[in-house]
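Heads up, the thing below is written out as structure tokens.
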Amino acid sequence: LAFLTLTTDFGTKDGFVGTMRGVIWKICPQVQIADISHEIGPQNVLEGAIALWRAYPFFPDGTVHVAVVDPGVGTERRAIAARLGAQYFVAPDNGLLTPMIEDAEAKGQPVEFVNLTNPKYWLPNVSHTFHGRDIFSPVGAWLANGTALSELGPTITDVVRRPLPKPEKTATGYHAQITVVDAFGNCTTNLPAAVAQGVKKISFTLKGRQVDDLVTSYGHRSPGDIVALVDSESFVEIAVVNGSAANALGVKVGDPVEVTVEF
Amino acid sequence: LAFLTLTTDFGTKDGFVGTMRGVIWKICPQVQIADISHEIGPQNVLEGAIALWRAYPFFPDGTVHVAVVDPGVGTERRAIAARLGAQYFVAPDNGLLTPMIEDAEAKGQPVEFVNLTNPKYWLPNVSHTFHGRDIFSPVGAWLANGTALSELGPTITDVVRRPLPKPEKTATGYHAQITVVDAFGNCTTNLPAAVAQGVKKISFTLKGRQVDDLVTSYGHRSPGDIVALVDSESFVEIAVVNGSAANALGVKVGDPVEVTVEF
Amino acid sequence: LAFLTLTTDFGTKDGFVGTMRGVIWKICPQVQIADISHEIGPQNVLEGAIALWRAYPFFPDGTVHVAVVDPGVGTERRAIAARLGAQYFVAPDNGLLTPMIEDAEAKGQPVEFVNLTNPKYWLPNVSHTFHGRDIFSPVGAWLANGTALSELGPTITDVVRRPLPKPEKTATGYHAQITVVDAFGNCTTNLPAAVAQGVKKISFTLKGRQVDDLVTSYGHRSPGDIVALVDSESFVEIAVVNGSAANALGVKVGDPVEVTVEF
């Protein structure tokens, strides 16, 4: 059995994602395919990178992740495949894989890239506007079939990187920012929850609103309360109990969060 | 082959559901997974219960249904697994399984519950905010693998129930209500269509609008007509032919429907 | 292994599509199922036809395509199955399969239709409002299992056709129209890009706005530019680079596009 995931900004209305499954099945009929998201904002590479980053650690070794958020489709931007740790990735070379690369590097795991130049692993006819169908899906399916990375094109090392914003240390704590607003309206920051360990007091100011301390989970406060807590990837998240922090506070991705810490 | 379904209020934008598939595949690689809905209203346990209730009878014996609408995640609310008839269910203990329990009881089928206390069947690290990933998905996958219910934790009998509203008998008929507004704007009631059998006349009043008789299907009246008919689960539904009754009449879930019957 | 696709106007909120998977698995447990789209506009047969038409060529031989956009459900409209080329189709007889039929005819491939009259291949109880679940899904699953078309009902030849609008030749070029507005806001026309081959100059007027020439892909112009290009199915498409032509110009499906050609 082989495993493959899809992360795109294609939406689900137009059949693009269904078409990719057809392409993949022709090459690797028995593969299990999961959709990570197809509602990444159009051309929003960073949003796509974060969505895949939160999901990929939970997949089996050998899973192939096909990610297509591709403002440069049809231009000279490269298409790449990567082995990062025990998993495989196929994407345009525009920074979409950066957080997964950083993870593998931080852990001292294998990091290999190839430039997808071998048309043997593409569809016979390649359009200028839908490489998700014509290049990324078939390459992903061949990888799921066990094709070696080296078959797909020459090794490269200079892939485009687009690191996620990191929190900055300030005199009284950190200058952080919102990285994800999820469907519930929960607002995740780029601040690792580990910074709160052993502190006497921690508070977060977002959109002029101060939130003190970290609660354990939503249900420990009353509906409507604004809380800070540790999200499921161990970052600090601002939420409204049984409500939407995004709506209540007007938060969007990129908004600053001032963090004050007392030791 | 094993079968598993997912019903959540997670949306499909953020990758939560894809992540759950990864978790499940690591434990039960060959399982077939169906999404029932991920667009249940946030924390709307009743809506989740109804969506799963309409779908589950059509699945093969042995299917595992993982349902996560979970306002109490991270609190002391229990997590449970159940055998109801020939199918399995995994959910927070908040009433989400009530209509399936009532079905099995009404049919005299097996009804068994366990409290999910055995961490052997969870992910090694359990977050406070995403038990869909950390507890419910792995437990569902182990059940799909054939793990016995009794392995997962001790038997319990006092699960939380949250029965669907039932229609009330009135002097001239029934006081019913809207239970589902679907994507077409069709409005299903909690009135079993069987009550219309053998009656001389039946009419429905909803939002000040009276609808007489039951038609066989949408196409038997003209586009734009408001009709009452028997829905696909044998309840009475109010619809607009080739249109949206929800929009035309401003109907939402919970709205009252007065039913007048003449014998 | 067997392959099956689903194209409907059911949405994904209400569990209808999940239910269809359950029905299919009971009959053909090992089938791979892809969603083409469930966001076809309610009762919009033409939109459903186009979505399936763009996707089906990329699926393996023997794939069964179940398509349900069915304003006539529960009336006397027929339900049909078809072999078109090397693939199978199941749908209401309302024109939904027309572009696939025309493709097969144009290529001289097999074209066979049967009227679905044999209840042996349906669910035991057939509702008046959800033939997607009760007739089309089980028939599709039986076809995926290898059941012969002739088992499903008698051969017919007079299926309903609803051809896509074709561009009209004018004195100076073509009168074309918009056939698809995708999730990016890209606007595809019914004009085959082949008409631009060898011309000295080509321009497109849409909503009072003139767009000259065809560019190779989005990334060859600046963000915000309105461009015409060849889409992934070799039709002319009007797009805004990294933006939405639909929003920028207020375009919707059916809008006229005047094409001027100089030789």
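Letters A, B and C mark the chains as written, and numbering starts fresh at 1 in each.
Everything below uses one rule, namely that contacts are C-beta pairs under 8 Å (C-beta built on N, C-alpha and C of every residue); 3 or more make two chains touch, one makes a residue touch a chain.
Every value quoted in this text rests on a predicted model; they were computed, and no experiment measured them.
Asks: Same or different for chain A and chain B, where same means more than half of the interface numbers show up on both copies?
Replies: Interface between chain A and chain B is built from largely different residues.
Asks: Rounding to the nearest 5 degrees, give the angle of the rotation that lays the CA atoms of chain B over those of chain C.
Replies: The superposition gives an angle of 120 degrees.
Asks: When the C-alpha atoms of chain A and chain B are each averaged to a single point, how far apart are the two points in Å?
Replies: Taking the mean C-alpha position of each chain, the two centres sit 31 Å apart.
Asks: Residues of chain A that touch two or more other chains: which are they?
Replies: Residues 12 of chain A each touch two or more of the other chains.
Asks: Inside the complex, what are the residues of chain A that reach chain C?
Replies: The touching residues are 9-19, 21-23, 25-26, 29-30, 42-43, 71-75, 77, 127-130, 133-134.
Asks: Considering the complex alone, what residue numbers of chain B touch chain C?
Replies: 1, 3, 5, 7, 12, 32, 34-39, 51-52, 54-56, 58-60, 63, 180, 182-184, 216-220, 229-232, 234, 237, 242, 244
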